[in-house]
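Common to both upcoming complexes is chain A, partnered first by chain B, then by chain C.
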Partner chain A sequence: MDYAEKYFQEKKRKFFLVLAFLSVLLTFTFIFSLNIGSSNVGLLEILTLMSTSSKTSSTLINIVYNLRLPRTLAAMFIGVLLAISGVLIQSVTRNSLAEPFLLGLSSGALTFMALAIIIVPSIALSLHYVSVISFIGALIAFTLTLTLSEAIGGSATSLILAGLAVTAGFSGLSSFLAFIVQSKLNMPFLILLLGSLSQILRGHVVMLALVSIAGFTLALIMAKRLNAIIYGDEHALQLGYNPKTVRIFASMLAALLTSVSVAIAGIIGFIGLIVPHMSRLIIGSDNRYVVPLSALLGALVLCVSDIFVRIASEGLAIGEIPVGAVTSVLGAPFFAYLLLTKVKA
Partner chain B sequence: MVCIRISDMGFSYDDKLFTLKDIDLNFCEAEVTTVLGPNGAGKTTLLKCLARILKPQKGTIYIDGRDLWKMSLYEAAKIIGYSEVEIPRGFNVKVLDFLSTSRYPHMRTFLESLEDIKAVKESLREVGAEKFSLRKIEQLSSGELQRIIIAKILAKKPKILLLDEPTLHLDIKYQIDILKKIREITKKHKLITIMTIHDLRLASMFSDKIILLKNGKIVSIGSPPEVLTPKNIEETYGIRVKVIKDTEAGVIVVPLP
Partner chain C sequence: MKISIIVALILGLIIGAGVVNLVSPGSVTVTTTVTQNQKVSETSVSTVVTTIMETTTIKPEYPLTVVDALGRMIEISKKPVRVVSLSPAITEELYALGLGKYVVGVDSFSDYPPEVVKLRNEGKIVDVGGYWQPNFEKIVEIEPDLVVADTGAHIKFREKFSELGLTVVYVKGGAASSLEDVLSDIGLLAQIFHIEEVAKNISLKIKEQIGSIERELLSKNVSKVKVLILLGPPSWGYWSAGSGTFINYVVKVSGGYNIASKYHGWIKLSAEDILLENPDVIVVSMMGSPGEAKKVIDEIFSSELSQTNAVKKGNVYVLIGDANNILVRPSPRIVEAVKLMAQILHSEVFGEVSREDVIKASPQLTSLVAQTVYVG
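Up next is the complex of A and B:
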């Protein structure tokens, strides 16, 4: 076999190997996650519960099915949403440092959500309405970032700086509004500023599942187009794709995925930055492989972060630690490292 | 079999000042045409109009009798190969990944078929770039990158090659090699090749036809000896030259002090 055939073959082989490995890892993480919590429900009991539905106590069913299972699944699906959103935004902006939180989409989504709840409090009861409003917020924030970035030169660095400005503005606004929501309407809202999976309900999981499956499928269908636009508009045009259409569609999808995750769990940053980079490190730049790998890795990283949150929260006995804090602690040094290599190059 | 006819084309970036005007041209298969002219004459604009990237406000471009702007983007993509590329940084892109993207118009499957891989390999061989096919694209030297950009066009196997300064950043050996290769491929596959070059010497060596462009208008058109006359060059570039006709080397243009 020749070098080129070998390259493409090897890549396919490696992809399936990594896919299998990550699937196994994710399954173990999933079972482990069901095992973690303040009540004394062990692994053995959960396994019996999963294999036989009868002869189990109702509290056990309650804890696992109504608390741990939804939370675990939500962590995985939100991981998928944020990771795919990261892949989309990085391709659209042709900037490997881009990410939904760093470009202001998450804060924009939360600001609009809080504002809508203050104006019409009953809206908080409908996940659909809240998601639509946070989607509008995310789109507005993204448009602002892109416009500002263009105005200050349109370089890779100006995008990050523009994102910083927009994030700062919206995170200030959303903090202010979240404070009002929490004190006036007595809703636990402040925790969303830092991202949390402590308020997941079973109903959320269905919506998260549908949106992540749809988002994943669309991103995979768009994979070739995403590959094409990172080499510039003219290259995409020559391959028969309209770069404007690709960019608008991918941006809307990224905003949708981000806003659904924000509507349910608040701001969880850096997953969209770390995960696509890990995938590209493993398999290279091709989005036909990067999209599925990022989905799996996103699920894994957020689930592990949440396990850490639950163990640490219980161990330190200080109440629930926000999962967004954990991903930021993980993500910030990673971001700094990327900045370093970027500045060097 | 392919032919291009441009009739009365005009293009303007701002709807006031025309960058290209009164362009009437015919291009035939198996011919290399070079567009010459000073900076800002409209050479790249002409290529971009032909590549279906810029839409002329006036006139029509016909490819095999069909209006270029009435074709779908996808149809045009299969026929036309143009060289503009922006290199992404930080995406861990290997040369082979980049080249495989240019097969997308032909790729019916989700992943690349053996035929796609073969086309990519062939294109790498043609520009002598096999040995850095596994390198990261952002780590190539500008000369290596230039060869990859030409390979990218060849990998698509278009009928029309539009090359904007294909010899940019290349040393003299690769300038000659690449232009020889382009000429050979044009003849062998009966393609239309249109390129811009700044070097009058290289243009005269490798072109069947030369178009001299000044301020968006065609000054002269014809074979290298017909076009590259002291009078034409003085009119276009504003410099005095001496033209030597050599039986072995063709037309040599020497600037006079």
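Up next is the complex of A and C:
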């Protein structure tokens, strides 16, 4: 067995070990998350709920199935969406600092959503229409960022600066529009500015599940192509892939995943930055490994963030803290650290 | 490529299992069928009763259907005995109707009648979270058979409530903007409990009392007084209540002209706007202690508002505690609110206010301002 073959086998073994470990961890987090809430429903009650069907169990079912389970699953699926979107965007831009929020996709999605709801209020009733609109917004924002980045030199730093400009513009606009939606149409919209999982409905979870499974599968199928374009267009052509097609398709997928998460839970930043980095740190830069690991880690990170939100909100008795605030607090120092290491070098 | 397909399959299975679990909460469906069966048996019993006593018209009291403030048809399957109120105004309405004994949960701001605070401290009534953001888990946990929500703050929770299978009736509550709104809320709640007579008596009494204040104002032929209402200390900005708010209604009925009434809803006035209107009376409605109220008066006397007639005449009132509550809360205590405002605006007719929770600018302060104005 030659060295390369041995190295490949080693890596494969490590990957499956990590995958198994993360799956177990995620399962525990999932169960723990079902345990967290302001009522006195604990793990023991949940376990007995599954075995017996006493009279009080309808309340238990209500609390677990209609409040805690949708919220937990939503946190996990949105984590998957954002993490995979991060992997895709980083591959497309060949920039490890790229992220759906930092490049303006999230704010663009929210701006278009708010605009559409102001023009046609009844659109807010259909999650599908809202998602389509926010998808268009995310795509436009991404295109704007890429164009602006090209115009100012096309370097790694210029992409981030362009993203900053686009994000600033759209987030100002979306704050303004969100205020109008909230006060004129009496809809819960301001909450979306900083992302929250407090108003998740069961119907939302089904859509999140479908989109994240589809997104994950597509990203995995594209993993080799993404690997190829990271090493340059010529490399991709040699392998028989059209780099332009790959890039367009990956960008659209990233925009779709981001926009669905924004449509349901609002802007939750930095998951798409932290998670792919963690995955690469563990397993290297091969996207065939990075995509599944990021999916698991994304679910884990956002679920843990939301558990933190629920415990803190309950403990401090100040009402619901937006989960987007928590991920930003976690993500910003990480971003600063990346700037120090990547841009300085 | 092989690895990736396997991984995709495994993860897909894990995620898929979760979804299937969520989509089909079997036991929930079971419970609903049981209640429906009960309903059926109830109606069949009542038909038996009506056939036996043909001459007397016995109408089954429950189930009954009411139309709530959102215009929705809500079916009440039996007389509610575990009621959750999501706003202070609703809590007051329930207690005024004598339904306090059925209240098992209230929002954090409900504090009247004092009994509510006592029972909440004893843990007999559950605090179900803030007015703007109720805690769904707490609400579900205490198993209410009726939740009364507010068309102002809670309209956005409609879908979540129905997903949770709660029987929710919306009333105007904190969003009520007139006597009629308060009375229709009381009427709707009474209808649910079949105590329409009680509601009728309350309505008559309230209408009578407010009518007598209005007649008094008419007979004395007093002119309308220009009022500036401030919500919170002026350092927060001049937040006021425009038309379509309860406060605006109270001012109007009490013989006042609310200078913010040309705007709609809650608005922030500019200093220029206020000086142009030049109010004769300033009423600050806020939460806080008498000491803080005095500080707010000092603040007003040293601000640009010192140019107004209200400050020059010393007609600056700060309402705290219960005086604040009755003014901002559309409740059955509406008569008290109108009386208080009438006293503030027309003390020559109704006598000076003497409540501990109403703090008036002291005469010394007023003379001091008069002097500085003179010197200036």
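Methods note: the second predicted complex is superposed on the first by the 335 of 345 C-alpha atoms of A that agree within 3 Å, B and C clash if a C-alpha of one lies under 4 Å from a C-alpha of the other, contacts with A are read in each partner's own complex, and residues count from 1 in each chain.
By our rule, a contact is a pair of C-beta atoms (placed from the backbone, for glycine too) under 8 Å apart; a residue touches a chain by one contact, two chains touch by 3 or more.
No experiment lies behind these values; they were computed from the predicted model shown.
Q: Once chain A of both complexes is superposed, is A:R288 in touch with chain B (first), chain C (second), both, or neither?
A: both
Q: Check the contacts made with chain A and report whether chain B or chain C touches more of its residues.
A: Larger number of chain A residues touched: C.
Q: So, does A:S122 touch the first partner chain B, the second partner chain C, both, or neither?
A: After superposition on chain A, A:S122 lies in contact with neither partner.
Q: Answer with first, second, both or neither: which of chain B and chain C does A:N227 touch in the superposed model?
A: The first partner, chain B, only.
Q: Where does A:L239 make contact in the superposed view: on chain B (first), on chain C (second), on both, or on neither?
A: first
Q: Scan A:L19 for contacts with chain B and chain C and give back first, second, both or neither.
A: second
Q: In the superposed arrangement, which partner chain does A:F8 touch: chain B (first), chain C (second), both, or neither?
A: In the superposition, A:F8 contacts chain B only.
Q: Touch test for A:L97: chain B only (first), chain C only (second), both, or neither?
A: First partner only.
Q: Across the two complexes, what residues of chain A are contacted by chain B and by chain C?
A: Of chain A, residues 12, 224, 288 contact chain B in one complex and chain C in the other.
Q: Please give the residue numbers of chain B that touch chain A in the complex, ascending.
A: Of all residues in chain B, those touching chain A are 48, 51-53, 72-78, 80-82, 84-94, 96-98, 100-102, 104-105, 107, 110-112, 114, 117, 120-121, 124, 130, 133-134, 138, 156.
Q: Could you list, by residue number, the parts of chain A that touch chain B in their complex?
A: Interface residues on chain A, with respect to chain B: 2-5, 7-8, 12, 90, 94-97, 156, 224, 227-228, 230-232, 234-235, 237-242, 280-281, 284-286, 288, 338, 341-342, 345.
Q: Within their complex, state which residues of chain A touch chain C.
A: 12, 15, 19, 23, 37-41, 53, 57-59, 61-63, 65-70, 73, 77, 186-188, 198-199, 201-202, 205-206, 209, 212-213, 216-217, 220-221, 223-224, 288, 291-292, 295-296, 319-320
Q: Contact residues on chain C for chain A in the complex?
A: Where chain C meets chain A, its residues are 1, 3-5, 7-8, 11-12, 14-16, 18-19, 21-23, 25, 27-28, 30-31, 129-130, 132-133, 135-138, 140-141, 143, 155-157, 159-160, 163-165.
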